[in-house]
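Below, subunit A partners subunit B and then partners subunit C, in two separate complexes.
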Partner chain A sequence: MRQKPPAVLVLLAVFATLISLVPIGYLLFRGSQAADQLLAEFVRPRTFELLTNTTLLVVSVTASALLIGVFQAWLVVRTNLPFRNFFAVAAALPLAMPSYVSAFGWVSLFPGFYGFWPSWLVMTLTTTPYVYLAVAASLASGNFQAEEVARSLGKNRKRVLSEVTWPIIRPAATASSLLVALYTLSEFGAVATLRFETFTIGVYNAYRSSFDRNAAAAIAIVLVVFTLVILFAERKSRGRVGNLEPHSGRRGRINIQGRFGFAGGLFVFAGLGIGVPVAALIRWSFIGTSSAEVQRLFDALIATIGYSVAAGVIITAFALAIALITLRYRSTFARSIETSVWVGHALPGIVVALSLVFLGANVFPAIYQTAWLVMIAYVALFLPNALAGIRNPVSQIPIVLDDVGRSLGQTKIQVLRKITLPIVSPGVMAALALVTLTVMKELPATLLLRPTGVDTLATRLWALTDASFYAAAAPYGLLLFLLGGIPAWLLNRQIRKTIDATT
Partner chain B sequence: MLKKSAAILAVSMLGLTGCVAEEEALTLYSGRKENLVQPLIDQFTEDTGIEVDVRYAGTSETAALILEEGDNTNADVFYGVGGAALGALSAAGAFVELDQDVLDLVPEAYRSADDEWVGTSGRARILVYNTETVAEVPDSVLDLANPEWDGRVAIAPSYGSFQAFVTAMRVVEGEQVARDWLNAMSEQAVIFGRDEEVMEAVESGQVDTGMVNHYYWNRRGIEQGYDNLTSAAAFFGTTDVGNLVNVAGVGIVTDSEQARTFVEYLLSDSAQTYFAETTMEYPLVSTVEAAEELIPLDEIPTAELDLNDIDQLDRTLEMMREAGLL
Partner chain C sequence: MKKLELTNISKHFGEELVLDGLNLEISEGELVAVLGSSGVGKSTLIRALAGFESIDGGEIYLDEQLIASKDFEVPAEKRGITFVPQTASLFPHLTVSENIAFGIDKHDTERVTELLKLTQLEALADRMPENLSGGQQQRVSLARALAPKPKLILLDEPFSALDPELREQLRNDVRNVIKADGATALMVTHDQEEALSMADRVAVMRLGVIAQVGDPMEIYSAPADVGVATFLGDSVIIAGRVENGKIVTDLGKLNALNNVTEGSIGRVAIRPENFYLQPNPKAESFVVGRTFFGHDALLEVQTPKLRIKARSNGPFAPEIGMPVTVWVRGSVNFYADGASVS
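Right after this comes the complex of A and B.
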C-alpha cells in the first residue's frame, strides 16, 4: 500500500459496502433458520435443472451480447460505416426499453413466442447496449497509433485486432460482459413472460406458490454461489489496465468492404430491439376501452425523474469512492470491498426489496416506506453498474499525477478535487447517465418499498397491464422509453464526438 | 439543470416523507387491483370519514411484505385474492381473530377455520362455450381430457386462478388423476396467457370452449349486451372440482376499531352490492343477491373442499411443468 486514502472516501466506500451486504446478510439469516432446507435445495434435481437452464441462458446471452456489442462499437467508431451518427444512437437505445416491456411486446405481436430462443433473443437485444457503450467509449479514447504502426510493420488485420486492438478494449469488454451476465441472472420479468425457467423464477415461485421465505432464500443462496463463480471467472479474464495515454493526433478510419450490408444488419438489429416493442406499445393504444390518464401520468413522470436522478447521483458518488480506493490504494481491504459490492448484483429485485423491508420495518422504522429506503435499495441493486463504468477511466489516470500534486504541497483532498476528478469526469457522467437510466426502469423493489401512494412510470405500467388496461398502459411504456432515451443519448455524446472528429 | 433536479428531488423526498407521517389513516395492503378496489375505498371514506392509505402490489408480494415486516408491520388490514394467501398469513400468525357476528355473515366454506380471515366476494370457475359449435357441455371437467375435445378447449395455465383450480383437483381427485388430466390438456388444449384471452377466443369462435373465472363472461355480457354474445357460461354436472369457488378476502393485521369497521364495511350491503354489480363477483352475504345472469352461489355444484387446503401450489406448479403446461 502506497499511502492511506482520504477518510471521506473510506467512509463512503464502507457505507456503500454495508448497504450492498444487506441482502446477503438477510439471506444468510434466513438460510440459518432453515439449514436443512438449504442443503435439500442444493441437491434437488430441480436445482440442477434450474442450474442448467440458467447457465445456458447466461452463457449464450453474454456471448452474443459481447460479440455483437464489440462489433457494433468497432463499426461505429473505427470504420467508414454509413450513417454512423444514427447507428451510434440506435445501438444504445434498446437500453431505454425495460426488458419486461420488450418481452411483453414480442409475445403480444407473436403469440406462442415462448422458451429458450425467445428469451435469448430478448435478453440479447436488451443487454447488448451495455457492451456496445463500454467498448465504444474505450475505442473512442484509446490510442490507435499502435494499430497503424503494427499495420505498417506488415501485420495483417487479424493480428492487429488480436494483439493491439483487443488489449485496449478488453477491460471494458469484460466489465460490461460481467454486467450482462449478472443482469441475465437476475432478470425476472422478461424470462417469466417468455416462460424460460431460471433461478430467479425459482425464487419468485417460492414466494408466490408457497409463501415460503426460507425456500426462496435457499434458491437465492445457490444464485449467490453461482455469482461468485462468474466473478472469479471475470477476475481471471479481466486483463491489466495500463495507465493509457489519451489519444493524440489524427486517426484514420478503416475502410470496410460491403459497408452498406453491415449498415443493413445494424438496422435490422436496432429494429428488433426498439421497433418491435415500440410497435407493440402503439398497438396497445388501440386495445380495449381504457383511456389515458393525464394527471397520474404526469405525477408518475415527476416521481420517476426525482427517484432516478437522485439515485444516479448517490450511486455514482459511492461508486467513485470505491473505484478510487480500489484502484489508487490497492489493498486486501479494497479488493474485498469490490467483491462485496458485486456479489449481490445477480439477486432478483424481490430478494433485495424484501431484505430491506425486513431491515427497514424492524430496525429503521423512521425511513421505512420513505424515499430514503428506496434510494438504499437502488444502491444495493445498481452500484455495480456505476462501478463498471467508472473503473476504467479511474484506472487510466497516471498515478504520477498524484505524486506531483502532493509534492507541490496539495492535500490529498485537493489533489482529488483539482486533478483526479476533472480527468475522470466524462467517465463519471457516463456512469451517472447509465445508472439513472437503469433506475428509471426498476420495478420490483420500487413496488414493494415506495412510500404508500407514490407511483413511478414502471409501477403504474405494471398496475395497468396487470388489470389488462393496455390502452391506458401504452403511454407509460412510451414515456418511459422516451425518458430513458435522454440518458442513452447523453451516453453517446462522447462517442459521437469522436466519430465527428475522425476522418 | 442541477438546481432544478435538486428542487424536484427535494419536493418529492419531503412530500413523500410527509405522507407517511399521518397517524390517523388506516393502512390497507391490497393484493387486489387498484381499479377494482379504489372506488370502494373512496366510498368507505365518504361513508365513515376514515382515511385509507392503500399499498397496491400483487397478492403474493403483499403477503411476503407482511411476513417480513413481522411485529413491526405498517399494515392494519390485508385484502387479497385466494384462500391460499389468506391461509398462509393466518398460519404464520399474521392475523388477529375476527368478531363472530362478522364471520357469521359469510358461509363457513368461504372463511377461515380459525376465524382469522373472511371471504368478501367469490369467483367461480366456469366453462364458457360457443353456442354455435357446442351442443352439449361435458358433465365433468375430467371429460375435457377425452379425444372428442381435442383442440376445442382453451385454458390459461399461467393464470393464478387456473393453478388454484389444479391444486383443488389434486386435493379432491388425487395426484394421479390430476397428472393424467394435465398431460391430456398439454396435448390437446389451446394455451393462452390469461383468462381474458381465453374468453376472447371462445367469443370470437376461434376455440369451442374455455375455462375462465365467471366474471370474465359477465363483464363481456355487460359490455356487449348478453343477447349479442355468441358464448354461454356453464357449470359442470354434479359436485365437480371444475366448479371451484375461490374468494377475495380480508384479515386484520394490526387490531383497531377502524380496521374492524373496514372489515365490516366490506361485508355491508353497499360493498356487497358493489361486488355484485361492478366487479361482477359473487356477494358472500346472503342479504345481497348475485347478478341475475349468474347461477346463485349455493346452487353451484362445487366439490367438498376447505379453501385453506389448497395452499400447496408449489407441488401444482411442479406437476404442470412436468406436463409441459408451464
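Right after this comes the complex of A and C.
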C-alpha cells in the first residue's frame, strides 16, 4: 500500500473540489427541478438564434486564429523572416490586452463598430497568440532533421510541409485551436461591448432584463453542453501532445520569397491587435476625466488588488494541495479530485456566476452579495489555471526525497514543511502571481456577484463603456492592459527561452 | 547480537507474490548484501524495511523489537532505519552540511564535522548539491543517512547511477565509512562484484526468497545449487554420476567438495578459471575459440563429447586449433537431481 496523504492536504483538496463542483452541480439541480419549463426554453426561436450566432463566431474565430497562428509561428521559427526577434514578441503581445479592453478600443475609435464582423476581428486578434505560442514551441522543439531526410528522399518543399512538418505540429495546433474555441465560447466582455449576441450574452440579458431565472438557466445549460463537447475534444487531442523527440544538430532556415512582404503583414496584424487598442486608450486618457472618477478609479484599483490577491492566495493553496495529492499519492481518490477540478475549467464565467447567484440567493443568503461568493466563483474558475502552473514544479521533486526525509525521523507534515515547500516555493510564487493577475481581469462573475457598491477595474470599465463614457473608461483600460501585460511578459520570456535554446 | 530479523516475510502486489516467505538475519555491525537480478523483489524488501511498504505476512524485528507485521507497523520516521537511495537524492535547497544535519539536532555540529571528515567532504561543507559530482553527492547521501546513528542503514543499489571507474573507488570508501562508523548495513544490488567485494555476508535472492546466505568466498566457491552457481559467475554445467565416492563425468572422474550419495545422478558446476589446459599433441580436445581480454582470455574447448569454456592466463593462452588436455583443479560441487546441498 502506498502511503496515505496527510489529513490537512486531503481536507484542502476535498474542500477545493466541492467548490469547483458547486456551480455545475447547482445548475443541474435547478434544471432537474424545472425540467418542463426548461424544455420549453430550449425550443424557443431565441435559443436557436443564440446557437447560430455562437456557432458562427466560435467556428470562424477558431479557423482564422488557427490559420494565422500557425503561419506566424512557421514564419518566426522556421524561415529567414527579417526582424524575427521583434516578431517573436509582437505576435504574442496581444495576450497582454484583455479582450474587452480591446473591444473598448475599437468601439471608442470607430463609432458603430458593432455586430458579427467586429466581434470576429477582435476575438481573432485576441486568441491568435494562443495558437502562435503553442505551435511556435512545438516547431522550436521538434526534430526537423526529418525535413532534411525527406528532401533527400526526393520530396519537394510542399510535400515536406504537408507530410513531415504538419504532422509534427498538428497536436499543438489542434489543442490550441480547441482552447481558442473554448475561450471564444465563454467570452463575455468583448462580445457584449461589440453587441453580438452569443450564449453568454443571452444568459446575462435573460437574467438582467426579467430576472427570468429559468430562461437564463436554460441558455446556461445549453452553453455548458456546448462547452463540454469542446472540452472533451480538447482532452482527447491533448494526449498526443508532447511526444516530440528533442531535435539535435543545427538546422537551416527556409528562405522564402518576399520575406519583407510577410514581415509587413505580421506588422499590420500586430498593429491591429495591440496598436489600435493602445492608441484608443492613450487618446481617451488625454481627454481627461472628472476628479470624482479619479477617486472611483483609485477605489476600484484597491478593490481589484484586494480581491485578486486574496483569491490568488486561496487558489494557490488549494492547487498546491491538489497537486501534492495527485502527483505524490496516486489513487482513485486523487484522480477523481483532478477530474472534478477540470470541470470548473469547462464552465464559462457567466455560468458560474449565474449558478452562484441562485445558490447565494436561495441557499446561502448569508454570503449572497459578499466577497465570499466572489471568492468561490474565482476558485471554481481559476483553480485549473493555478493547478497547471503548479503541477510542473511539484512533479519535478523526486518522491524519494520524502522517503529519505521520513527515514531521517521526520513526520509527513515535517517533510512537507522542511523539504517539499522550500523546494517548490519558486514555482508556487510564480503560480500565485499569474493567478492573481488573471483574477484581476475577470469580468462576468465579478459583475454578477460583487457586493453592492463595490467595483473592480473590469466592472467599472464595462459600465463606463456601456454608457459610452470613453474618456472616463480609458484609464481603467490602461491599468488593466498594464497589469495584464505582466503575465504575458512572463510567458513570453519562457517562449523566448525555448526558441533561443533550440535555434 | 541479532540486529535485524526477518521471518517469513510475504508481500503481494495484486496477484503477484513479490516476497514469498523471506528469512534473513543480520548481526550488529555487519554489512550484508542482498544480491539478485532485477525483479526478484529487492526494492520491495528495502521499502518494507524502511517502512514505506507494508507486508502481508511474517514479522520484522529490529533490536528484537517487532517493527512490522501484517497488522502492526512502526511508522517510517520512528524506526531508526535510514537509507541511501539509488540516486543520491540530496535536498536541493540545503547545503552539504545542512543535508547531513537534516536528521539530527541542528546544533550537533560535532557529528556533522565528524561525518564530513569521514567522507572526506570537509572542503565542500557549504556547497549546494547541484555543484557536486555524482560521487560526491553519493558520499553526502551516505553521511546524511549515517548522521542520526541509525540502528540500520539501507543502501539501495547505491552505485548504479555512477560510471564504472567511480563505482569501484566509491565501493571501498563506502565500506570503510560504514565500518569506521560502526553501523549495521543492508545493501541490495544486482552487481555480483559489488556484493562479493563489499559485504561481510552475501544473501542471494531469487524470486521473493533468499536462496543462500554466506560469506562471499563461500557463496562463490560453494553455491547451494546450480542456479546460484550460474548467477554468481560463468559456470560450466556437466552431468555426472557418483561411483565409489567419485563423480564420473565426460571430463573424467572428479572429487566432490560436498557429501554425495553413492549412485546418485546430478550435475556439477565448474568455474572457467578452475580448468587447466595443458598443451598436448596427442590430446583429443582442441581449442576452437579464443576471446582475449588482456589480463586473461576465455577459451572455448571442444572435447570428444563436450564444449566447455575455460579461463586462461591472457598472454600465455593456447591458440586456436591447439590440442590440449583438460584438467579440473581441485574439487567440484555436485548437485544431485531433485535435491540441493545444505
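Odds and ends about this structure:
One rule holds in what follows: the second predicted complex is superposed on the first by the 275 of 503 C-alpha atoms of A that agree within 3 Å, B and C clash if a C-alpha of one lies under 4 Å from a C-alpha of the other, contacts with A are read in each partner's own complex, and residues count from 1 in each chain.
The rule is short, and it goes like this: a contact is a pair of C-beta atoms (placed from the backbone, for glycine too) under 8 Å apart; a residue touches a chain by one contact, two chains touch by 3 or more.
Remember, predicted model here, so these are calculated numbers, not experimental data.
Applying the stated contact rule after C-alpha superposition, one finds that A:P422 touches subunit C and leaves subunit B untouched. When both complexes are overlaid on chain A, the residue A:G306 reaches subunit B alone and has no touch with subunit C. When the two structures are aligned on the shared chain, A:S209 is found in touch with subunit B, with no touch to subunit C. Residue contacts after overlaying the shared chain place A:L401 against subunit C, while subunit B stays out of touching range. Using the contact criterion defined above for the overlaid structures, shared-chain residue A:T411 touches subunit C, although it does not reach subunit B.
Partner contacting the larger number of subunit A residues, of subunit B and subunit C: B.
Using the contact criterion defined above for the overlaid structures, shared-chain residue A:S468 touches subunit B, although it does not reach subunit C.
Subunit A uses no single residue to touch subunit B in one structure and subunit C in the other. If you check the complex, the residues on subunit B that touch subunit A are 5, 8-9, 11-13, 16-17, 19-20, 27, 33-36, 53-58, 60-61, 63-65, 67-74, 84-85, 88-89, 92, 158, 163, 193-194, 196, 223, 311-314, 316-318, 321, 326.
Residue ranges on subunit A touching subunit B, taken from their complex, read 46, 107, 195, 197, 205-213, 215, 289, 302-303, 305-307, 309-310, 350, 354, 357-358, 361-362, 365, 368-372, 444, 447-448, 451-454, 463, 466-469.
Interface residues of subunit A facing subunit C in the complex, by the touch rule stated above, are 1, 3, 398, 400-401, 403-411, 414, 418-419, 422-423. Interface residues of subunit C, counted against subunit A in their complex, comprise 50-54, 75-83, 85-87, 89, 91-93, 102-103, 144-145, 147-148, 150, 154.
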